[in-house]
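Going by the order they are written in, the chains are A, B, C and D; count residues from 1 in each one.
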Amino acid sequence: MNGLNSRALALIALRFAPLMLFVALCIVFGALSDRFLSLANFRNILAQSTHVAVMAIGMTFVLLVRGVDLSVGSVMYLVAVAMGLYLSGLPLALSIPAIVLIGAAFGAVNACFVTGLRIASFIVTLATLFIGRGFALYLSETKMVFQSDTVQTLGRSSFLAIPWAIWIAAAVACAAWVTLTQTPYGRQIYAVGADPDSAAKAGIRVQPIVFSVFCICGACAAIGALISVSQVGAAAATFGYQEEFPVIAAAVLGGTSLFGGRGGVFGSIFGAVLVQTTANGLVMLNADPYLYPLVNSLIIFIAAWVDGRRRLMTERIEQRKIRVEA
Amino acid sequence: MSDLLLKVAGLNKSFFGVQVLRDVGLELRRGTVLGLVGENGSGKSTTMNILGGVLTKDSGRVELAGEEVQPASSRDALALGIAFIHQELSLFPNLSVEENIFLDHFPKRGAGIPFIDRRRLRDQASKALELVDLKVSPTTPVMRLPQGERQLIEIAKALTRQARLIIFDEPTTSLTARETERLFEIIGRLRAQGISVIYISHILQDVMRLSDDIAVLRDGEVVGAGRREDFTVERLVTLMVGRSIDRLFPEREPSQGPGGAALSVRGLSQPGVVRDVSFELRRGEVLGVSGLMGSGRSELARILFGLDPYSEGEVRVAGERLPPLKPRLAMDRGVAFLTEDRRGEGLMMEASIADNIVLPSLVERSRGFIRWLDPAGLDQAARDMAERVRVNARAIDTAAARTLSGGNQQKVVIAKWLLRAPSIFILDEPTRGIDVGAKYEVYKIINTMVAGGAAILFISSEIEELIGMADRIMVMGRGEIRGFFERASFDRETLMSAALWQ
Amino acid sequence: MGGVLPASSGGALSRPMRLVRLVLFSDYLVLALTVLYVAALWFAVPEIISPTNLNDIFLQVLPLFVAAMGLMMVLLVAQIDLSATSIMAMSCVVGASIMTSQGGYLAGHALAPVAAVLAIVAIGLLIGVLNGVCTIVFDIPSFLVTLVTMMFFSGAAIWYTAAHTNSGSSIGALPSSFLAIGYGGIAGIPYAALITVGLAIIVHLMLTRTVFGRWVRAVGLNPSAAAISGVPVKRVVIGCFALSGLFAAFAAVIYTARLEAGTPILGQRILLDVIGAAVIGGVSLFGGKGSVIGVLIGVLFLSAVDNGLQLLGLSLSSVYAIKGGVILLAAVVDAIRHHLLARG
Amino acid sequence: MTITRREFSASVLAAAAAGTMPGAARAAEGGKTIALMFDAFDSDFWITGNTILKAKAKENGWTTLETISNRDQNKQNDQVKAMVERKVDGIIFIPTDNNAAIPAIRTANAANIPIIFFNRPPAPNDNKYVAIQADNRKIMQTTVTILVDLARKQGGKYKACLLMGDLGDNNAVQRRDGALDILDKNKDLVEIVSRVATEWNADKTFAGLTNAIQANPDINMLISPSDSEDTIIEQVLKTAGKWHKTGEDGHVMFAGFDGDQNGYRLLSTKYMDVNGVQNLFYEVDLAYGAFKDIWAGKQPDKMLIDPGFAISQATLESKRDDMWGYHVWKEKNK
């Protein structure tokens, strides 16, 4: 028992390993650049990481049920195009719900193939990644799509000295947190992720839950697109290209497992911020741009390694299960 | 008669054209316990899965308190008040106790509000835990609890659903004697509250002790049902196997008596798994290993074959030391291991029978340093071996293992080891889930091997089987050896009590 | 065993059902589709069946085929390798930097091309092993491991190029003896083709005629059963990643010879083609199923689609959408297969 | 799937069109078919270039075929083969990689189809090709010169942020060097306090510039290598409260490049001070002129230079008709 508790402590320590990583980073950058450790700068870091953070939150839902969604980057572009070409006239009160619907609908398409035909979500979303971008390029004729002033204003205006992007992200984060921790639905997501078959036996409607998480992921991708596009004001044909990678990386960095059942909202936000902090710090140091991908990938690797260790520890701490007879 | 809660009649079910339930009928009165016994694969679980909504029946009628029901899912079953506590628990280690108990019916903050009412959740959970007198905080992650307590949580869960009928499938296999006692008390209390219980177990004494009524299944048919008083353990066994024990096992022509030590184990220990295990397995003998699930028997087998590590002690094969975690080396020394988890670890279900049979022997049958293979030769070898163990399948080299019946699948697993002509064969539950006929053939194969001077370590939870087959029986419990019994002194009760003894 | 399958009716299958299965299960389904596609385009662009164009398709297929075979190896053990294309990029720029006549390490040396090819292959092998070791030893899901190596080495390749050129996005001026791989050949058969065919035969024999091949399938179908049967599961998995890296490197050699330059964005965009080709070719993502012939057909299919779209001079959007649709289609067919199999 | 099916039918229709038209065109007297082979459409420059190329081809009664390689040089070289198959009479080529494009030249030479590199020259080699190229370095020099002169007139000291695009891209490097040539001569007036490699990526530009201003709040001069970044710059400066017209105090001296619609818009609204224009119309004329020469049997020079020009608020009226972005803008706002 005693040894078990000490293991549990080790587990908690591991849980916070990424945080230590973050603190270490800040110390390093702070030491090297006097401008790094300023409130304004952290506000920038937050503002710049919001769109990845929001999408990572959506991705967390999918990862929790052992899925993955590679198509978020395409959803991003599709939504940006829709915003610029068809919804520019509408007030935000209408256009935002509209794009969220578009995103959710796209997610629903993925979900149909995943739950309906039981195709691995990896391959389904790999294909819809293609199709989605193709369709969006078809709409935009690969031209640069400019955003309406309302959208652009949203991008640069702030409330209580905090950019709207951050408010939106915060709202999404709270909603997601409440859903995952305070509603039956949220807890059932964790159950499904831990073991779909037992979940079914325990009387949980597994397929609808899996379906819904893909919709949520799509919707979050749409919101992420809104934030990003409002910041940059226009969407080129490469908008959101390969965005799925930083998004998944952010979620995993935050301690969400690719094997389902473990992960959380704030972890994912944290992951996104961590990556952006690295980028920001490197700019502050006027570092060689070629270094960025190398440093980033190394940090992701460390986090992934910690995740692996943590999973091993969990398995050890868990009691030996009765062997399941198929 | 209004006090009849459950009435099952003419239940039929078949998989892939194989009929597993023939016209099964059961009756269960309110506030009583129905003991359901039968060999593995006799249709107990199938019947219960139909009641529990996991499977759907092909034909037949299920009546609950008078009206016909057919639960399409566990959900429906629960709604009807049927709770099914599976042998492998459906708990979620990453969730807390209270969340597991109320997973599918959380108390909400008033109607229409989707949020969980944490306070009520806690109160109700602790109440439920009191009912099964389990002293843990409702917020502890299930991950931290030992198997026995998880079992009780499942029961608490059933109770919170106001279940009218609770089905226990082999609930005691992983429980200590004390936990078992506690479980029996609780079942007694349930009965007193007018809740009906179906109790499935291999441990016939328990069934005799708990039940008001007993039903016996064999090969998918009810072969005996009635008041407990009408049965004795002996009668149950005879009904279960359809013949009296002595004719259940093939006669073994006495081999030239046990020879020297084939496998000798000294002070083998691995924290939390086995402690100070020492024994000798002699050539030409069958050493039976008895013990409950979690007693360390299967774990011991895995350690011996080099699949799991051990911290102290030594394993010697024919005098040579066998280092841990080297299955390949064990194989080269003539050790073979038949796993208890046929589907999970024994076979490649999607691969052909032939591919399965030759897998362990590839290296020996390859040529040159790039390990060249001769497919035709391999298929031939596989075919011969399949014939020897009488696998009946249309095409050995094309038919996937998945398409075979349990018995035939088991024969394939045996065949793949026989192809290596092992001198030491570790068999973990070799007859689990296969029908009587197939069992008989497996026994015959074992006998011929022994006659050929091979040494067999025979692990089984069916004591009759050990009594019938083994020369000696080693009883394990809590990872330790509880004692050895020579064939002369074989006796069900002693063995069982040895296994349960704290 | 993903989820609970609907309770199967069992019993014998109807004749039309059997027919459907016959079509679905034949390895040549995709080949038939390819022919169909070409025929469909023939009326629009007759050029598609001109000998020279068919020859072009054939040549385009080669490097993709090699890379896809490598990916098949990791898919066979139910893993994934996203870094294949970054391996190409990294190895080819290093190789180029060795032999380029513009200040290459061995500029002008007779054996420079040999050294370069060796370097390319070595790097591929190394990164492959790295992927395998991280997946097995550190117990990190291969999706993540190879995602990281993808980011890292594509970044490193760009950096390396910048460090080895004054202002250019690639390293050119490669010795003709190396470029010969691209256009030269024996009796009209390009060296690239000879290399590819050679590799294909080797892989095919390895999978069907050697212990390793059987082991790979066993690990893919059921790792624990394989382990209990004495298969060195970890070494097999690492081996597959190594092969994936190795074949990516071979593909890089062919690409570099054809492009006459080592460029860090080599293959950046074909990762999806590679995975898609393998999957369309009937390689299962759940491991254990896949064949060289299948992959070849898959690659042919994708290339034919590509080539057709090129001849049409279609917009990028159609190209994307059609390709995505094609991958999805293949996945759906694969899924239907699984369901029918589950029915037994 | 519905999308795909739709795209499929669409493609088949396009196929029919593409299949029949060339035939018709060949029948028509002097009708030629030329291939426009792009690598990606990620900035207005290429999209407009494409429109102008098509328009002027039509004027000449030529048919055009179009391909996009999506930055995959290997695929683009295959596309050249495909176009050779289609027996086009000329190829306009915008490669991704200056070395890896050489095999494409050889393919074209072998089929002896003239190949013209449009605004992205290949690495020097002795095959037959023509390269149209804006003199990025010189244009940027003139642009920055004007900017610096304006700055001098205003007086004061300047802290400049230099955006640099993708350093893997030759044009980006040329433009950076052009800017540096002038700025280094005026160290007394201008200090470069930060350099940002935007990699032609919106998010990176946004983050990079924001961080740069964060690091140096007193930046008051900005030099951008491409107008495709203008909207982002506008966003960032507005957010930082540094978006003011020329003359207003707090105005950031701003030089753009390319001469696209944003360039024109910002010049006319007096937020941008000067813009380096690549003369797209002229470049297209050069290219098509080269085609005609080659068909007529005379080989033009390998390198045809578009000197380009710089346009400032002062010269806007007089020069805007040569500024391609102006016409795009007019289209949009008429």
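Couple of notes before you dig in:
Simple rule for what comes next: a residue touches a chain if its C-beta (ideal position, glycine included) is under 8 Å from a C-beta of that chain, and two chains touch if they have at least 3 such contacts.
Keep in mind that this is a model prediction, so the values were computed, not measured.
Using CA-based centroids throughout, the chain positioned farthest away from subunit B is D. Set against one another, C-D and A-D show the most C-beta pairs in contact at C-D. Separating the CA-averaged centres of subunit A and subunit D is a span of 35 Å.
Remark: subunit B and subunit D have CA centroids separated by 72 Å (rounded to whole angstrom). Rounded to whole angstrom units, the spacing between the C-alpha centres of subunit B and subunit C is 44.
Counting only residues that touch two or more partner chains, subunit C has 158, 162, 315-319, 321-322, 324-325, 328.
Multi-chain contact residues of subunit A, defined as those touching 2 or more other chains: 131, 134-135, 138, 141-142, 200, 237, 326. Subunit B has residues 344 in contact with two or more other chains. Taken as a graph of touching chains, this assembly has some other topology, since it is neither a line, a ring, a star nor fully connected. Interfaces, counted as pairs of touching chains, are A-B, A-C, A-D, B-C, C-D.
Contact residues of subunit A toward subunit D in the complex are 33, 35, 38, 40-41, 44, 47-48, 51, 131, 134-135, 138, 141-144, 146, 152, 155-156, 163, 228, 231-239, 276, 279-280, 283-284, 286, 289. In the complex of the two chains, the subunit D residues touching subunit A come out as 3-4, 7, 40-44, 47, 68, 167, 194-197, 199-203, 205-208, 210-212, 214-215, 228, 231-232, 234-235, 238-239.
The touching residues of subunit B, counted against subunit A in their complex, run 54, 73-75, 77-78, 84, 86-95, 99, 103-104, 106, 108, 114-116, 143-147, 150, 173-174, 293-294, 298, 340-341, 343-344, 432-433. On the side of subunit D, the complex with subunit C involves touching residues 1, 3-5, 7-8, 10-12, 14-16, 18-19, 35, 41, 65-68, 70-75, 77-79, 81-83, 85-87, 96-100, 102-103, 123, 167-170, 173.
Those residues of subunit C that touch subunit D in the complex are listed here as 40-41, 43-47, 50, 52-53, 56, 60, 63, 158, 161-162, 167-173, 182, 255, 258-261, 263-270, 306-307, 309-319, 321-322, 324-326, 328.
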